[in-house]
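First chain written, first letter: the chains are A, B, C, D, E, F, G and H, and each begins at residue 1.
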Amino acid sequence: MENFQIYREDRWPHMFCPGCGIGTVMSCFQRAFLNKGLDLDRTAFVSGIGCSSRLAGYVYADSLHTTHGRALAFATGLKLAQKDLEVVVFTGDGDLGSIGGNHFIQACRRNMDLFVVCVNNNNYGMTGGQVSSTTWHDYLTTTTPKGNPEYPFDLSRVAATSGANYVARYTTAHPKQLVRVIEEGLGKKGLRFIEAWAACPTYYGRYNKMASPVEHTRWLKENSIHIEQMKVDGKTAEDDIDLQVTGKVTIGVLRDADRMSYLEAIQR
Amino acid sequence: MENFQIYREDRWPHMFCPGCGIGTVMSCFQRAFLNKGLDLDRTAFVSGIGCSSRLAGYVYADSLHTTHGRALAFATGLKLAQKDLEVVVFTGDGDLGSIGGNHFIQACRRNMDLFVVCVNNNNYGMTGGQVSSTTWHDYLTTTTPKGNPEYPFDLSRVAATSGANYVARYTTAHPKQLVRVIEEGLGKKGLRFIEAWAACPTYYGRYNKMASPVEHTRWLKENSIHIEQMKVDGKTAEDDIDLQVTGKVTIGVLRDADRMSYLEAIQR
Amino acid sequence: MPEEEVFLQGNEAVVEGALRAGCRFYAGYPICPSTGILETMVMRLPEVGGTVIQMEDEISSIAAVIGAAWGGAKAMTATSGPGFSLMQENLGYAVITETPCVIVDAQRSGPSTGQPTLPSHGDIMQARWGTHGSHSIIALAPSNVQECYDLTIEAFNLSEKYRTPVVLLSDGELAHMRERIVLKDLPIVNREEFPKGPVTFPLGEELGGVSPFPTFGRGHRTHVTGLTHTIVGYPSESIEVQTKLLTRLIGKISDNRKDICKYEVHNPKAEHLIVAYGIPARSAMELVTERADIGLFQPLTIWPFPSKAFRRAAEGKKSVLVVEMNEGHIFREVERHACRAGVEEIELCSKLGGGIPAPEEMLDCISAMEGE
Amino acid sequence: MPEEEVFLQGNEAVVEGALRAGCRFYAGYPICPSTGILETMVMRLPEVGGTVIQMEDEISSIAAVIGAAWGGAKAMTATSGPGFSLMQENLGYAVITETPCVIVDAQRSGPSTGQPTLPSHGDIMQARWGTHGSHSIIALAPSNVQECYDLTIEAFNLSEKYRTPVVLLSDGELAHMRERIVLKDLPIVNREEFPKGPVTFPLGEELGGVSPFPTFGRGHRTHVTGLTHTIVGYPSESIEVQTKLLTRLIGKISDNRKDICKYEVHNPKAEHLIVAYGIPARSAMELVTERADIGLFQPLTIWPFPSKAFRRAAEGKKSVLVVEMNEGHIFREVERHACRAGVEEIELCSKLGGGIPAPEEMLDCISAMEGE
Amino acid sequence: MKIINKDYCKGCQICVEVCPKKVYSEGTEISDMGYLVPLVTNYDKCIDHNQIKKGKKPICELCILSCPDQAIIDDSYGD
Amino acid sequence: MKIINKDYCKGCQICVEVCPKKVYSEGTEISDMGYLVPLVTNYDKCIDHNQIKKGKKPICELCILSCPDQAIIDDSYGD
Amino acid sequence: MVDTIEIRLSGFGGQGLIMASVVLARAASMYESKHVVQKDDKYKREESGLYVVQTQTYGSGVRGGASRAEVKISKKSINYPEITTPDVLVLMSEEAFQKYGSETKPSTLVLIDPDTVAGRPEGDYCEIPATVTANELGNKIVANMVMLGAVTAMTKVVHPDSLKSAMKDLLPSETLELNFKALEEGYDLGKSCGFEIKTDWG
Amino acid sequence: MVDTIEIRLSGFGGQGLIMASVVLARAASMYESKHVVQKDDKYKREESGLYVVQTQTYGSGVRGGASRAEVKISKKSINYPEITTPDVLVLMSEEAFQKYGSETKPSTLVLIDPDTVAGRPEGDYCEIPATVTANELGNKIVANMVMLGAVTAMTKVVHPDSLKSAMKDLLPSETLELNFKALEEGYDLGKSCGFEIKTDWG
């Protein structure tokens, strides 16, 4: 299998730091996309601003690298103007969960027919490692030098509560599972949300005692717990609102519904 | 008991339409505020834009009537600059749940020490009855002449999932319960969210066969179900994401947690 | 399409103009006094196979419009002051990505929430300068319901021809005013599609700085970015690339003033010249039809300001009076050009607050000037 | 406070200026090249008992700042182009509610995302006109690290004195440049508190249109609104009220130009006059120190433009050259005033793209002008 | 006695609807503001009236809390 | 054979970490880009190598999927 | 004989005055002989048509508050769209009377609904019991059409048939009969009033 | 003898060149005799101090890419802050060499780290094995200080003690010893190189 079947090799090596989890998400996405047999000419990629949002520019397809936080709104217009185009959104925890939080929940509520991949590296990589809406409580960033006083969003639960049809979360320490849920999500309608936790060793890693890509990846593995395991342990998903009860982030398929999608609703 | 203990009688009669539910929320809030014995000189009111947001201007206290959707952000700054001031936010479903959705979920996530009352009349009253993020699926508004293709937010569940400490919902058909939860919420820390469903007979009512205030109020009563009753019926809260399973909106205290509030966290 | 005579509000005329121009996507958020456009679109656009969506705010409205444009649709949004402020960031994105689209700003009395139902022209300079960074923009200002229709079509045509966002500056008075108009069968400019296949040749080197449009989903595999980009669309941090890009983007508008700028001149030989656009131009017409010594220069294209035409019109005038429903926006343009054209008396007749300057008020201004 | 000599980046100097001016609240959102201000504030502000919060975006950052101002704090935010665009709506809210606050825009090369790490001056006009509706604003532009400090203090002082938002227009070069400066012990203007008790007497009738500030929580029971409001703060839909309000709001800035406007003139007798602000003023200084025939007018206050002072400086000049890192923002102001002052040759030396005009480039412009 | 302030009442009839004791009736006269102001026709049935009479605290107040216009007062409170 | 493209590899060592068969080792040489590129030292232990040898589909691929730089290919695939 | 007539209708929201003004304006604009469109040479056919501008004020948010609508009708092209002192002033609420009652000129025709307005202007006026008449017809909602009928009778600014054509365009068909009836009643009330304005086309 | 010296340090991110430039600039600015501050009469003490401007370029997002820092030091007030052709050019990566290697004048002192740069400029240059030296000292992270030492030796632009004072301000104290050592090694390497620039204060 060739590595550059959907990416622009003329732009390689890419801009991401050594060990940046975004690259792993790229690999997984490519594999799922190819498995699914989708057509690059009939797929468009939309992203916001951030390291993770740069991903769109590396796909050898039509891609719209937009403004910070607004990717889903651009994607909504694109999808509605060309309803049979597959529209994939690449975004980051800052782009989607901080400045873009409203477009995120509204798109989920509308169950807009978009496929969304959020690379959640728990901080703002692009601007140098500031706190984001998913930075863990008490963790260090350049703007929380004494530890983050805030609590993180559980982006996937927010998506599910807002109404997204399909919601799954894994980390880059789970590449094969990522491939599987991306593939599964690509086959569905409505809003499909894949949250991929990823290492940003350059900042989040460096400030939180996991400076090397390997350490950061290990941290991801150790701090995640499968939703089925949680059930076994007798915890409900609600417990992880602030990652305090379980101390870990839930992974797995968190919602798989079949509500009328936006396109279905307007085409009734 | 005097009617104008916290309101500016010099601005009476107020601007709200006959039978507008905002007025009922006013009455209930006044009662709870007085019951709680809070000091008007040490309470500030912040609101966004919309009929419901005009409420702030009627309270005889310091009040900041800001820009559409941003009340919580203004309130955050005010609270942090004067940490012992009680800050109350009045907002609407459009102001809070549509344009202001991001500030809403972020303030909940931060568990910012604010008391928030959202008058949810399921549409934009101020601008003439357009669809809002809480308009029911298939209901009519001036911008959904064939019925709303979208599904509504369950604002209270969004607040709870985002991390608000205290979340309660009632309708103006439940004035005494509203008084009770407002009073209860005023005594807590962190973000306290009261969602008050209210009639907008002029628009939402008129377009949806409940043109008179009385009909609209009846609709509110008939279409709500207490969370305890749901449990009895064997439904979980999740069922009402799109008001389809139960066909009704859940009322009651939906979350009552005791997570560290933002002020507590930064003052540790 | 056959012509039709109709009795419409300004907001409705905008919608009819948009439909005739080929608009097939509309995204918006309610705000007085532009709401009527959204509410009319919701009824009208689906009838012609278009799609309308009420978004969660104005930021996402213009974003959706830009997205739709890349999906191949002629697309539009409408708003008023506060919403127009929120659109500024993405307006700049449309500029740098050369996305054809139309933004209507039905101006109300500001700043901030101000007086939502009263008209004013306080957003004229904002339309030109509201987004950050060096750039150009096209903006048009109708003064009656017919022009609401005509200029909406013109806005779409210019946006397609120059691959640029175009702003239509209506106001609270025009929005709701009803007049009888003709839905004229005007020429329509359609998007020129980028040649088949991937985007390989220089963008924007054709057609005097404007390249054909590589619609998404047709195999062009275009990368579109708000970052400074090379002629094939890739991000670049080179100063040279940025200089070239901006020079072209600004030049494609300012070098084509002659084609872009529409204006009217009345009583060209009069010794006093009034400059007015929008509603005040109507009040001025009242004077012009009565007094031979008063002329009118009415820019229909506000940005780029028709500077050459204006300088011609201003030459030899005893005085130039700018009448505006703001604190003097176009006045600044007029002053520099009129001064360069040799006019000595250049004054502003400003109406602050949501009113419309009456002909008598203009006369007062002229008298005041003469009395000086 | 004792003076201190330090070696700082422009961003850090802004923070030190803010602290000395009494800033006790900061809300911001990271964006290059302004991020250093947020990151420095996070370390420094708590040391003096202040509060910093990183908000979810720029809209909420400026909102929090305005909220904090009403809570009694001197408050500030900083951003760059895209974020500044997002702040426009609430900037207008600060204007109409007369909220003292400071907004720093460390300008980068735009439009849109552009080149985040390169400097430019593409937001100059935006600072003046970016929000909708008729209004006024104060904006200052430093050209070195010392001025970053000095003018931040000046910005706070002016914002308190005139109860208005003040914009500090720095840029990507200044933000990161390090120079040695003195943390001078400059005079500080503190907020004048509204007399005890409810707000009953006319707002803004005192002090030449500026009223004392009714801080929240002190029993004033003030209603603050972005709607047009009467002198006691209640919403009004009257045209008359709006006219009065806007006349006062605009007048309190423009009528006090003399007090507000800071500028420098070098080689006042030279026959050529360069107009430059920010970094290009430094390049111009290089020429001015070498050539007696070249003078420099450097506005430190960009808005309101020091028009009277400039007209005085321009009178009798053979030529005026405006050097800008944009497509000619201040040029438009200069052209009208220079023309009115009788100058015939008025040219723009524009540097588009994230570079800094070198002294030699300015010389080329002068030569080109002479050669004409 | 429950008193409806005619300068504030907008005739929404919510008081008529919510009162469990049918204390209010629809009214007949149009106020200066143009609204049909209800009448207090059955005050003696009012729960709170009877409470107060007994020296107890009001316990119903549904009408007062529901009235959107702060138009209803009970002047026997606080006696 | 697994091949690491020296022009793309940034020496993050993730492949070394994730391979269950310890096929990769840390490496010794700095590439032109300035990174320490791992070595493929135990290819015969590679799960997928053995799969392909058996004519079966690759089932592991952890290294390829994990590599953030698209730097690893297996040139025996597709044979 | 005037060549331009300015009509102001004022009252409170819900009385349908904006609709009345739109009916009148549409009638004058679309159904009176040849039509004209402003400001465009190709389309300028001055023959005998009427120029019309209809405007209205909105209050923000508040429903049921003051409402005002204006129609300007002329044989000449209409530039300045606002009305300063109207030729015809309809007052249907006390608030409207307080606000606009005095903005008249000696020739202004003032129509007052005696049941919704308490005050009376200093000069001449005419009482048109529109609300009562409408009530009698079965629904006070058509008081606006009663007033419109009266205005038309007194000004002849448009032919009643034009009004009916406009009403057909604008009103739900099941309400047409009632509205026509109201118009006619109003027309009679207006005629009986004795005042009139002569336009040069009426 | 020059009255202004322009120094450009270039390489890739992570080599600490920005830190080196800040150390140098701070040393020159804060620790060399009398100090001066620009553009303010009250504070203008021209006596014998140095004017310093330090600038740098950032790439957006990409870490480990090209990095460049510049210091301009003068006895005169510094206006134009940018460097055109440097008096001293330090090259620590091949990419930097490709980009800046030719932006020199005949008098430019070019310092190359032979182990990280493959190419060589046309004119004179001096090889400073900074990375190897740093490695030998125990951590290649201090290659920047080796280079800085060399630059100082060849230009005398600041006294080494000034550099050490600046380093104390800027570097974690536990790393100071190693950094000082690197500086000194670099100083020796620089001295042994033979080239030099004479400033009028050096």
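Everything below uses one rule, namely that a contact is a pair of C-beta atoms (placed from the backbone, for glycine too) under 8 Å apart; a residue touches a chain by one contact, two chains touch by 3 or more.
Source: prediction; values computed, not measured.
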{"item": "Fewest hops from subunit E to subunit H - one hop per pair of touching chains", "value": "3"}
{"item": "Chain pair whose interface holds the most contacting C-beta pairs", "value": "C-D"}
{"item": "Centre distance in Å when subunit F and subunit G are each reduced to the mean of their C-alpha atoms", "value": "85"}
{"item": "Interchain centroid distance [CA atoms averaged], subunit F/subunit H, Å", "value": "41"}
{"item": "Averaged-CA centre spacing for the pair subunit G and subunit B, given as whole angstrom", "value": "42"}
{"item": "Where subunit C touches two or more other chains at once, by residue number", "value": "32, 56-57, 59, 82, 89, 93, 112-113, 115, 117, 225-227, 237"}
{"item": "Contacts with two or more other chains, residues of subunit E listed in rising order", "value": "10"}
{"item": "Sequence positions of subunit B contacting 2 or more other chains", "value": "16-18, 49, 67, 98-99, 101-102, 106, 133, 266"}
{"item": "Subunit A-touching residues of subunit C, taken from the complex the two chains share", "value": "24-25, 27, 51, 53, 55-57, 59-61, 63-73, 75, 89-90, 93, 214, 216-227, 234-235"}
{"item": "Partner subunit F, residues of subunit A touching it in the complex", "value": "1-4, 7, 12-14, 16-24, 26-28, 31, 172, 175-176, 178-179, 201, 212-214, 217-218"}
{"item": "For the subunit G and subunit E complex, residues of the former touching the latter", "value": "12, 64, 93-94, 116"}
{"item": "Sites on subunit C touched by subunit G in the complex", "value": "5, 7, 32-33, 115-117, 144, 146-147, 150, 173, 176-182, 184, 279, 282-283, 285-286, 289, 356, 358-359"}
{"item": "Subunit B contact footprint on subunit E (complex, rising order)", "value": "7-8, 10-14, 16-18, 33, 35, 61-62, 64-70, 72-74, 77-78"}
